[in-house]
């Protein structure tokens, strides 16, 4: 069981705990060679250094694995780092120490996923969803997937949680606006971010995969759909165009890397549902990180170009109970 | 009863019907003076000309009134116009011939408005809503108001219809996202566009008022709220800030003339609800205007910078019935 | 053989020639129903009207077919139109009267295409190119394809002509910059616009297909590559990522609908080669349309936001011969 | 009297002086709890830490108050901080040690303000100005107000100094351009930034108020004007629209948070006067901070996206004396 | 003396008056060849056509000259045009019939120019101004120059009028802001647009010269200054840099084609003075064109992206007289 | 010979080596005065401090000169700095220790420059090139010039290397696109960046000159051309316009500080050649700095807004040899 986390390291202390290896590099310096490391756990990242470098040691260090690290905490150029005496592969560890986990269990998400798929009654769209989410390996990857690296739903389970929230919103929209095809929009919502399953590697920390960067999650998602459609020869061409259009246009505009802009009401509504859920999740994350009683404003959030108002939280609950 | 509408005028025909006077101007030409007119009804606008102009005739012509116009349809520089022989104030007319009317009756909208106000249980917000919508004259103006000149909800009743749709969406959002204060967001939705009551003049056609252009509907809306709050001395300062912030920030960003950007979850959600309802209403309008069986694409829509896909409408209904 | 082209129609004349039917619509007017048409040939488009409309006539009119049209040229709202007396399906016609044809023959383009494919010596990339361009039907579609609707290479053969020019530029670049992988960049250039084969319909005039708009030529191109790769199980994963990245990023930036930005030197170079060839082709088209001796400037070109200088053409030839 | 300022703190020294408390937070660490502080004076800000935290100590610490702080200067993660031994409320202090003060005395600004108000001879506008600036409390707030937090006129008296400079420029403009209504533009200039009186809190340091952020200084200024107009029943409606339009549009365009763009010559001129005075004031501030003999260029100024040229200052004075 | 202007032409009338020839082109049509013309005078432009074209006639037609045109006014595709029977070079004409003339006489502008130059007391800058404006041919070109083609000061004398207004503003600014070097800024203002003397051709209508488009008025202006400085060997290098910087940066930012951004207070002030004078002149032009009693709003002005408010003009004069 | 470079300094070590003096400043502190320095060599920059400051010492320190510095390496606010005991002017040094040098020798660049000039056969353009590059002093400055401060070709010889690469690309383009005037475009390429000779000062480190910032390298380049043309009275006016237009428009658009946009095919092609060579050079620089075996991605590059993919380098060489 891990007891010391990166966020708690204090210069001067000794450390003997497990960390994931994020980067490793051999460097020369005046007195010979050193190995520079980046170590991490679910609380953050820290630099490390092994002064007595040798090619034997270097061979034992593989990015993505978890190591038991023994050393002392020092400061270099104003930043905390670990001067490492020894780093050996960890015999066992709890993955949750390295990747943050979301608020919903795998079972809960799985169950909600089934319900949402079952709510699609159009035989064609339902067939497509069954083909994709019925693949057990894919389904597990989806349920364990993350919504992103930093901005929102950046934890195990975040991808499914976000997807299901967007589905709920879309179902609401279809109930309010009769011109929207409920089966289409809910199917589009379920599939909109599936490309993220292959866009992130989750081996002890969240990173992009090569294809996540070079191909992008939108096109990867479209690929998965195309592959499933290839096995559904009866699937109507018009519906195929529509469902793929929803996934390809869900970021809303070319500026946001959508290869096409939404040209149907369902596409606009899906884009807007995605926008709402990700903005509110980002706000929750900011609040969780920064709010304490008496704090009325967040720090300046660069991505939003504004401060967030936490206000006076007394108002709400009271009144709702009237 | 009006029988000939602007959209139906054909060069060569005679005309004898009632039209609203939108513009009037005295001009000189080689043989003396002429009066140039712009006439309109709910179907569109047309130029008119009175060749034998006199100051007596000019005095009888007042922009905004409805006239019985007798003349012949001609073409000038490729545009249809009416060569007017006589134009006298109409004795009576049906306002619906001049301003388009939305799909919901005043009574229906009034009833839904009451229900929505009643759904707000916070005493403070409810007090504010009662103060504003309890003013009979304001309420009538609101129920008869338009959502805009051209883009969406541009008809009598459009303001209330749009407002109530946004309220419904916000209520859905508050049900989905527990961190949102339902009383606050529904109140903000009810008030977000009230400034439009004073931003448009609806005397026989839709136009901006001077204050609609010089002050803008956002600040006018805030003014109405401030005036109501002045009569509610117990209203808590914190709630006053929040509700005003929602109205002032509902266009989402400075580029869209919001004096402030949304800094609360409720503000972001209200902005997004407004965005969704106006986009979908614009799509409905485009479809109504351009769709006919077999037409699969709209013309290029400049404001959206794209074509809209009408697709193959057979798919939807069928499948829903499965 | 067609003798009267749209660009030559003069009000008052009679007409009896063949035209492609671009749009057809039944409308009501005061005296009953009329059929509104849009007719075209390679020189342009013109409106047409059939006053004595009947459902029998309407059934004979199918968008995309070619008709022998008899009627007279009239003017309506300042625009030329044909008052159609009779429109019957043309018995035979020369497709070149309807779709403009580029300066290079199919044989010439086919031969250059083979040479360019043969210049790729990397076995993997070569195998992919052979798989795609070896499909006879695809190859014919590619050789007959257009580069666009209006801006550049908007004629039969334009797609292949543009593609081969971009290949030539890329081969030059690889010769100049040793860090560029010649096999990769030439393969990327050959494949960069293949999605356009399915993005345009060329039945008597150039139009977008539904998938051309809803999916977009970039993703369609990627699909074709993915399908071919599925039959090449030995194809290395790293090369698959690279070649797909080149196609997906060739528009250069998200603003221009690239789902990803170029992250490799080959991607940047391909984007720049595409930019150069399309700009210069657009200039050639503008010059062809507007230049006459003595004309030193083009009209204002909106897409470029400037006038183009034709200058004094005497300078060049003379000096080159020194 | 304060003798040690934040800007002069040196690691290793002891400190015993007064500082304003800007932030306070209780945090946990390995050995218990600590209190993290942000202290400041007119020269800058510095972090502080109290290692032996207790709830008694915490209760004595209130953001916005001034404390006598005893401790030693240390460095943490490369930044200077104060390890605080004791912090007790200061018995007395000179406010000028905490808020910077501008170059003009309150009396001088007050006198110029009266002169400028008196220069408005239109009875209506003058009445409005008298109503607003005649309120003694508001006038004191205005004379002590700041123009901003950082960029220009960020000191006591800065608001009045900036306002009066803009008035002077507007008076010059009205003298040069006869189409400008001098009374209107000078009144607009006097009122354009009055909302800043309520947008900043000045309790020992400059910060935004909640309404400064949530409502914004433009709408707050309009509110003050509306409130005054409510007591002037004779005020002509047309003039009310104009004066409010000037205040609401003075930032020039929606991108800069103006709810409306200037639609009158006076509005454009006021926007331009504001632009000039704020740019030149920012340049003065940059020069004051960075210029020393021999320094010809400022550092790179992010907000202006350029360096500022200080040049060779010998030229000017000499020549002017010729 | 010209009696019929383009703006007054009425279909059906005969015409026999003088017009400037703006464009000429030989075209083929069914029955042979025709000559298409564009004719103009200070009131506007009109198309013309000579049906019986011959190469003899064509030779007599030279763009830029003035012709006596005899023919009849017709309409073609909804636009007025002249069917020309005869067009012979005009024996004499009044240039003011072809180029609009501004409100100030050459003498008045000349006198103000001298005064402004004399107000510069720095010997170096004064020497430069004398060298440039002392050249009689240049000075006449400057006094007769235009400020632009369409947007503002688009008439003979407009360049000098605009320049002198900007000088006045800059002198005011230097009086208000002591940090500004009056001699430098007034000199910069005098020189800022001198490149326009060579950027427009004024032979019977305003057009760009080739160098006006290919080099641009900013660089042409810099060239004139460089040429003058070449004859002033004693001119200090530092002042040369400053005065050139002011001219090169006066459009304010790269987006507006300034090769450099203003990096000195004088440069920012000159940019702002230019902005103010051109905006107010554009408003005057719009008002002149569109205002008539009772008209409260201009049409939508694309370049400003807004309507302009003419308001109720009674207010101003009255009150000023109190 | 220098043995310790800035990039290798380690806190705690002593240092006794030569460095260029980049900045010097006298500052006060508690115990008196200190001198703050910025020192540098071709590997980077470092702060220095002389605690026992005196005016005698200060007088010996001149920015731009090279000093032998003796002292110890310390850390201050997390940054390495040198506590200087003694700094005396260096008796001799190798300039290459201070300014980075490119991969090509002066002789090689000189020879390629001659060849490229000789390839221009148009007598006029050739005459201009001979006039400019025939000036021995200018030619040396050009051969020793840098392409920029940081982004690409930021070393001695970089200007000529970049220029010649752009020439090669332009020659290729002219061979591919017959409508391009080879003589014009190669001449334009040779001249496009010549203004950089005067835009950077290279006295022991690369910095902008005053004119480099205030006038800009584009206008300085145009000046050099204008000066040369003044001595070539026979040079045709049309060619003068074209060659200057190419230089003035080579940055492509106003946003990138081009005073004019390219209005000729040669201008667009030159802009694109410049774009390609600078992008690929930047990529080479990034790779050189960041690539090591196993590193597949660069860090995030702000100027490109992306990571760069280094990929798996094994692929290329192998396959090329097949």
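Each chain gets a letter, A, B, C, D, E and F, in the order it is written, and its residues are counted from 1.
Operating definition for what follows: a residue touches a chain if its C-beta (ideal position, glycine included) is under 8 Å from a C-beta of that chain, and two chains touch if they have at least 3 such contacts.
As the structure is a computational prediction, the values presented were derived from the model and not from experiment.
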Labels of chains that are neighbours to subunit B and to subunit E: C, D
Farthest-lying chain, centroid of Cα atoms versus that of subunit D: C
Relative to subunit A, chain with the most remote C-alpha centre: E
Distance from the mean Cα position of subunit E to that of subunit A, given in whole angstrom: 59
Interchain centroid distance [CA atoms averaged], subunit C/subunit F, Å: 42
Computed distance of Cα centres, subunit C from subunit A, in Å: 41
Multi-chain contact residues (two or more partners), subunit C: 77-79, 210, 213-214, 242, 245, 263, 307, 309
Pairs of chains satisfying the touch condition: A-B, A-C, A-D, A-F, B-C, B-D, B-E, C-E, C-F, D-E, D-F, E-F
Contact set on subunit B toward subunit E in their complex: 25, 29-30, 77-79, 210, 213-214
Residues of subunit A defined as touching subunit C within the complex: 210-211, 213-216, 218-219, 222-223, 226, 241-242, 244-245, 248, 254-260, 263
Residues of subunit E that touch subunit B when the two form their complex: 8, 10, 13, 75, 77-80, 292, 296-297, 307, 309
Subunit D partner contacts - residues on subunit E that touch it in the complex: 121-124, 165, 168-169, 172-173, 176-177, 179-184, 236, 238-239, 242, 245, 261, 263-265, 268-269, 272, 275-276, 279-280, 283-284, 287, 304-309, 311-312, 315-316, 319-320, 322
